[in-house]
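Next come two complexes, and both contain chain A; in the first it sits with chain B, in the second with chain C.
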Partner chain A sequence: MILRLALASLAARALTVAMTTLAIALSVALFLGVEKVRTGAKASFADTISGTDLIVGARSGSVQLLLYSVFRIGNATNNVTWESYLDIAARPEVEWIVPISLGDSHRQFRVMGTTEAFFERYRYRQGRSLEMAEGEGLGDLFDAVVGAEVAATLGYSVDDPIVVSHGLASFTDHDDHPFRIAGVLERTGTPVDRTVIVSLEAIEAIHVDWRGGAQIPGRSTPAETLRGMDLTPGAVTAALVGVESPLQTFALQRAINEYPEEPLLAVLPGVALQELWAIVGVAETALLGVSAMVVVTALIGMMATLFSSLNERRREMAIFRAMGARPLTILALLVLEAMLTAALGAGLGLGLLYAGLLVAQPLVDAAFGLWLPIEPPALRELWVLLAVVAAGAIVSLLPAIRAYKLSLADGMMVRT
Partner chain B sequence: MQSPGPILALDGVRFRWPGRAPFSLSVPGFTLARGETVLLLGESGSGKSTLLSLICGTVTPAAGTIHVAGTDIAALSGGRRDRLRAERIGVIFQQFNLLPFGSVRDNILLPLRFAPERRARAGDAPAAAAALCTAIGLPDDVLGARAGTLSVGQQQRVAVARALIGTPPLVIADEPTSALDAGSQAAFLDLMFGQVAAAGSALLMVSHDPRLADRFDRTVRIEDIARMDRQAA
Partner chain C sequence: MKSTLALTAAAALLATTALAEDTRQLDAHEHGTGALDIAIDGTTVAMELRVPGADIVGFEHAAESDEDRAAIAEALTTLSTPTDLFGLSDAAGCTVEAATADLETEGAEDHDHDHGDHTEEHGHDDHGHDDHGHEDHAEEAEGATHSEFHAEYTHDCTAPEELGTITFAYFDLFEGAQELEVQVVTGDGAQAFEVTRDAPTLDLGGLF
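Moving on to the complex of A and B:
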């Protein structure tokens, strides 16, 4: 009955309660949303590469190597010579190795030269492999496979011609050797979506007539001649390596890092991701902090509303007292009311979150390649909701204690 | 309930208002027999509200004893005073007796929530509430209505039902007719007396209106039983 009366009392002040509830709901939705984006980003971050034991590149920083080899952000300062690449590939610990050659672009997307092995070995999101949405893999020298976002943004489909530009953001095109789109990949939510993949030999072929970053004037070797040439590259940008046994990973890493012929760097993708996340994580923590403060603000708003309602509710408390309610009951009643409001707000916030997710999911995926899964609330989210209700109870203690004192002083008589 | 003594006995009570140290209220002796109806006459400011608070145990005296149904309420802890009030005393205010957002039924049953023995006495509490409603002339369908939607007169009648549910041995009414017009006053008093008599409860009603005196077994002026003192600081 007390619960029913508390609910009726809330209903009687529906407008203020609704406003308070809405404020709490919005803040909770914001907090959970930030949390969702944060975990989603972290997961998609960590899911970008899996199944690769080592990334090898020229010596720089581990984060930098990860950024340019996997995320296609920034550039390599140096390459790995083909000889070194072959040396590493020949080591007994190496089960497979996939070379990557970067440096050219198509519109805003990067072009990556690699081998068929890339399609076999590249894994993302706990071991999922690349699938063709349309067409097939690299067959001819001038075949290209484009990521889902490249195809979607530029409206490409199989058999469309595609011209690779020299370098990044450049005005010189390799327009003497147009490529044909052989296949379009399924969306992966990784940087592969934003990549144009060609063969390692094709990268070599389009640069046959180039020296020092510019085309030799008047020279353009015909495609047929190129097909007959030896197109072994002189260098690659990086390589993804899988080892025979996980136990050998560190030995191989040390061997590559101490490779005497050339300064090389081998990093474990997971470790490099951790380092990168530690850098990005500061902003993420700040964001979480800000949204937590918004929740606190909403709860303090509720406290203010409770305080201001106390005076007009002295009569109500006097009735409770006259009926034999202890001052503690009055205190409990206010705390209960605050908890109900907070619970209502938290529940509504959860609803808002899912409604928002339903609307935003395709938009966020399209804009940022970030897939926010719509799942039943995780334990962590339930804890957040519980914490909001508990925090509601705690902030309501101040007005409740004031009500306790008022009802002690007033007793059953309210002098108005 | 079985103890034969008076339902209410104040003896040597002295009360000081907190923060108003020089003033005190003293009640050398006042008793109310079981089933007796007493009118307590007094102007506002005569200390009658304080006297009622003392009897109900929401304030405690500096000295003296206040026995309600044989228990010295002044000697009890706060929680047990509240419990004793819930069990033994039905209270009717001047007005605004009810929680306006609650149903009439919940308002009537509210004191039972804090008084298990009284709840047991009431038996089937919702049925008892319905019976009281019929007895005070309210239609059955009013039980589910929000108390705030009732007229003032109806609310005062519901307050009588609430004071009498579970038949507490003592009913205290603080100018319950002051918000009613003359015609309704008489009808309300008839109804209240009828219910108090049916329950066998004692009634202590405070008023400033001496014309009501002939309805009561006894009329007491507050200045005859209580003294306001201004003490030397």
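Moving on to the complex of A and C:
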């Protein structure tokens, strides 16, 4: 009965109600959207590396090492000499070790020199390994394997030639030694998608004719000669390490951190990620706080319209009362109307969120490499929606109590 | 040189000392904060504790008086009894397999070994991290000295996944200890925790 009344009453003021609903819907969509991006970013970061026990690089900060070695953000302060790399590789605790050499680029993508072991050992998203979408791994010296996004953005497929540029933002190309794309990797949702992978030796090979950051004019060693050369690298940027047993992780980490010949740093990826998240966490809390305030603002807006509608509805309320409606009924009617508006807003907000996600998902993925999954609302999100409806009921209590008190006298008295 | 490094931690320390002329590095050292590393593999739960001397006995200079020596000896005894320090849940069914504790002095050590003028039968061959011999150099070492208690425990647990919450009576036993930075490594990865005097529990529930 009250429900029917409430619905009819809302329908009668459709325009005002629609505006209020829209305000709530937008604020709810914003809040849920921020939450979605936040959890999506966190999951995507956490999923980038798994199965690696230690990351080894030059001594800097654990977050920095994680960022440049795994996320290709920023640069290494120093390289790790090949001697140190071999020393670490020879330690009994080490089950496997994968060197990483960064520094060159192809268009906007980083080129990473590594070994075959990278394809076997690199794991993401709780232990998934890399799969080839087409082609195969590194065979020849001048073979390259590209990530899914490199292939998609630049329209590459197997057997296409690819020229690596020297440095990260440079106009000098290693065009005397073009690579051949040997394989394209499946999409992983990790920075590997945006990486061109070549062998460690190839990185050395293309720099044979280079001295002091520039090519020696007129000199270009033919590819055949390069194949016959000793292309042991002088240094690597970082290394991913797997230990024999978790029990040895700390001992190995300490040994590397105290390695006397060279200042090295070994970090536990999980712990470094947590540190990174502690830094980013402040910003995300602020963002979440702001969007929560937007929801509160929308609800207060609803309270304001309710207050002003009380004035219009003086007579209506009085007539209800005259017809025998108890003051409580009036209160219930107003609260119910507010709850319906809030629920409508929350539902619409959820709809907006999914519509937005559908549009934004490919764009966000392309621009930031951030995959926002479109899945049914999680329990947490449903709680948020419920909280919005409950908050709607609470803010409507104030005008409702006012109506409860005044409904009879206010409407019956003739005011001049 | 390289072959020396592959040896044990003690040997590595010795090597560092031998190289004192060209290698200068010291570990970070923060009073009030200790580090506890926990590694879990199968049924083995290994713990390694490193705490500044100031947290445990209240001083870090070489033991000068009998009281100092007694305090250190008592601390080492306490630190060798992990069951008194950390409360592992009964459900995990853990038994202590091994527990060792020693005191390492950093900074003063270079002096000692370089000069090599402290006498005694127990001097050079064991290059100890104990409190021996340092009193000879108390004056020159003071200020530069930091000492660190180091303990290792190995537990064998029938059900490590039942570890759940670990309680830290450690903070009741050592007045100077304020905080432990805990790192836990399992086959699935690593995680960091912070256990403080005000919140002396560690919840490992999320790990399994």
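Note that the second predicted complex is superposed on the first by the 403 of 416 C-alpha atoms of A that agree within 3 Å, B and C clash if a C-alpha of one lies under 4 Å from a C-alpha of the other, contacts with A are read in each partner's own complex, and residues count from 1 in each chain.
Note that a contact is a pair of C-beta atoms (placed from the backbone, for glycine too) under 8 Å apart; a residue touches a chain by one contact, two chains touch by 3 or more.
None of these values were measured; they are calculated from a predicted model.
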item	value
Contacts of A:188 with chain B and chain C, given as first, second, both or neither	neither
Chain B versus chain C as contact partner of A:237, first or second or both or neither	neither
Partner chain in contact with A:305 - chain B first, chain C second, else both or neither	neither
Touched partner set for A:271, first chain B, second chain C, both or neither	second
Which superposed partner A:79 touches (first chain B, second chain C, both, neither)	neither
Which superposed partner A:255 touches (first chain B, second chain C, both, neither)	second
Common interface residues of chain A - those touching chain B in one complex and chain C in the other	none
Contact set on chain A toward chain C in their complex	50, 53, 87, 90-92, 245-251, 254-255, 258-261, 263, 268-271, 274-275
Interface residues, chain C side, partner chain A - complex	1-2, 5-6, 9, 12, 15-16, 19, 23, 25, 27, 37, 39-41, 44, 46, 48, 183, 185-192
Interface residues, chain B side, partner chain A - complex	49, 52-53, 56, 58-59, 78-79, 82-83, 85-87, 91, 93, 96-103, 106, 109-111, 113-115, 146, 148, 162
Of chain A, residues touching chain B in the complex	1-2, 4-5, 8-9, 11-12, 315-316, 319-329, 411-413
